[in-house]
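Both complexes shown next keep chain A, but they swap its partner, so chain B is in the first and chain C is in the second.
And now, the complex of A and B:
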């Protein structure tokens, strides 16, 4: 108690790190592999199905993405998606359906604040930064490509 | 000159210890299914509580709990001299709207999850100071309103770290009186804001543990009591790891309370309820104190209890700006009447 604050802070940080439980890396990785793999598998089935219906590769790809996004939005609305993500982790967050979940969940939640200043303003709270920096980096890469190709 | 009722650096003693006349608790479904489920007065299964928003549901829980406490004390709202209450939402809206509806002179408080203990300490001072005969206090929190204010939308898919805690959905009301039957408040130790550099908003236990340990130590130093005076030393919502941290700091400073140390956040959920490190939120210490703890004191299982409300002074804005998360803790001594 009598030691200087900086030393107490350092000692405390050490104690916190010692007691803090480590994330179950193996379980999380296996979960991400299985759930991410399952989503990819469903995607492949959909792609084959749409191609079998006579769509071109590009069109079938777009139809597959749309279907996955729709399913993720539906499962979010039904309150199941967060339960799956608890086990799937990165496997359910990184693919395109994670993006859908990150837009539908604030949309549901901010409905109570109205459609314009609630849903409209908050829809991109989580997805927004992904879009901003995704578009920015695409733009920068395109610029570099333009000058240095 | 030292104030008349001040002992040591941070503690106050009460000449005529105020009485805890009546309590009431309302909790959500998850809390109702937990190990303390049978100790709560009302369990709501709908997280919206038939209201349009979660915020309205939280406010309604607080109002009902406070009205129930007044009824149980055999009083009417006209008898109440002051209402002290607070919650976690911006501008403490749950408490404000409850005060609007109850029409009682109101002092709004914010002590994060330590709010109920802050109210108990101040309420006892108002009564022992001769400023009030009856004080109504209360605190509430709601998992969904807290999540969306401090973290993510409820339906967003995230993996919570194992040291994260679960905000308790619930509300508690308590009536303090100058005299009457019931357990009494004999001392209060008001805590300082302690900051040991914690920055992880998911690790609230680590942010609060130094404050809890600090207040507990000052309480022992101020009162000259030893650790074996108390049957139970119970913190608000340190959770599994925060409790361990506080215990370690106390042992390092020569206070071993291991044999009588509990935490409301650890008590409220069972391990299989997926709450990870335990409960948190204003309602955590509030419903466990007003439910389980006071019932145990009334049954005679505990006679001398040191309760410590613990709060993490976190705001989403300050933590994004790189500020630390300081903690606060207030201790109240509850003795069997």
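And now, the complex of A and C:
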């Protein structure tokens, strides 16, 4: 005996919900939170360490950024960064080391085009736009500050 | 406590970026995220909203690329205070000089020392 259509529809929907893979959205978001958080946590440890060495707040911040940038360049070169990025998603893009990764990846890939137009130019495939818009907007803010403060 | 705050705020910055990538119909690439976040950091900093976040969450606010925008903006503003309009040109880049140089130097060296996989 067949059940009424509405019930079968409900059962079918339930079955589909059970079978279909969980939306990657949840996994991606959790991954981004954990990896982004962990990198910030490492940054905080570095910041405390450098301040403990007697560096000023600004210098300790610069040293922290440089260390994270160094690690990102190294891990990208070793091919480890891409593996981490599979799980970390935006958690590996947004921190300052994501900026370094965005420089090394294309530069490595285009090495065959030479050290000048290959590596040298491709370092700025993504970093270039970031610097353009960053410098432009900061300049604009400073200009407004100059005239309207 | 500062470690927990750094973790949570650092994580949340990335969650927002992940949602922008996954939920918007536009094709949002990492390049768009980085550009958007730097400009976002500049704007938040200009309204005086970013420094309080750094005071509260430490590296949770300085490690995300928005912190780079904050440094650019504050550098440019301080430049104006010290040198007038010329400072608007010099202050920003001067404030982020260490980070940019580190990225260029380490980036270039890594790119020539290592061979891409595959």
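Here, the second predicted complex is superposed on the first by the 126 of 149 C-alpha atoms of A that agree within 3 Å, B and C clash if a C-alpha of one lies under 4 Å from a C-alpha of the other, contacts with A are read in each partner's own complex, and residues count from 1 in each chain.
Operating definition for what follows: a residue touches a chain if its C-beta (ideal position, glycine included) is under 8 Å from a C-beta of that chain, and two chains touch if they have at least 3 such contacts.
Since this is a predicted model, take the numbers as computed values, not measurements.
Engineer: Touch test for A:126: chain B only (first), chain C only (second), both, or neither?
Structural biologist: It touches chain B and chain C both.
Engineer: Contact-wise, after the overlay, does A:93 reach chain B, chain C, both or neither (first, second, both, neither)?
Structural biologist: After superposition on chain A, A:93 lies in contact with both partners, chain B and chain C.
Engineer: According to the stated criteria, A:28 is in contact with first (chain B), second (chain C), both, or neither; which is it?
Structural biologist: both
Engineer: Regarding the shared-chain residue A:84, is it in contact with chain B (first), chain C (second), both, or neither?
Structural biologist: So A:84 only meets chain B here.
Engineer: Which chain, chain B or chain C, ends up touching more residues of chain A in the combined arrangement?
Structural biologist: For chain A, the partner with the higher number of touched residues is C.
Engineer: Just checking: does A:74 make contact with chain B only, chain C only, both, or neither of them? Give me first, second, both or neither.
Structural biologist: second
Engineer: If you stack the two complexes on chain A, which partner ends up touching A:61: first (chain B), second (chain C), both, or neither?
Structural biologist: A:61 contacts chain C only, not chain B.
Engineer: Mind sorting out which residues of chain A both chain B and chain C touch, each in its own complex?
Structural biologist: Correct list for chain A: 24, 28, 76-77, 79, 88-89, 93, 98, 102, 104, 108-109, 126.
Engineer: Touching chain C in the complex: which residues of chain A?
Structural biologist: 24-25, 28-29, 31-41, 43-47, 61-66, 68-70, 73-74, 76-79, 88-91, 93-96, 98-100, 102-104, 107-109, 111, 115, 119-120, 123, 125-127, 129-131, 133-135, 137-139, 141-146
Engineer: Of all residues in chain B, which touch chain A in the complex?
Structural biologist: Where chain B meets chain A, its residues are 52-55, 148, 152-163, 196-198, 203, 206, 210, 214, 217, 241, 244-245, 248-249, 253.
Engineer: Taking the touch rule as given, give the residues of chain C at its contact with chain A in the complex, in rising order.
Structural biologist: Where chain C meets chain A, its residues are 2-3, 6-15, 17-23, 30-31, 33-35, 37-39, 42-43, 45-46, 58-60, 62-69, 71-73, 75-77, 79-80, 84-85, 87-89, 91-93, 96, 98-100, 102-104, 106-117.
Engineer: Using the touch rule from the top, collect the residues of chain A that touch chain B in their complex.
Structural biologist: Spelled out, the residues of chain A in touch with chain B are 1, 8-9, 12-13, 15-16, 19-21, 23-24, 28, 76-77, 79, 81-82, 84-86, 88-89, 92-93, 98, 101-102, 104-106, 108-109, 112, 126.
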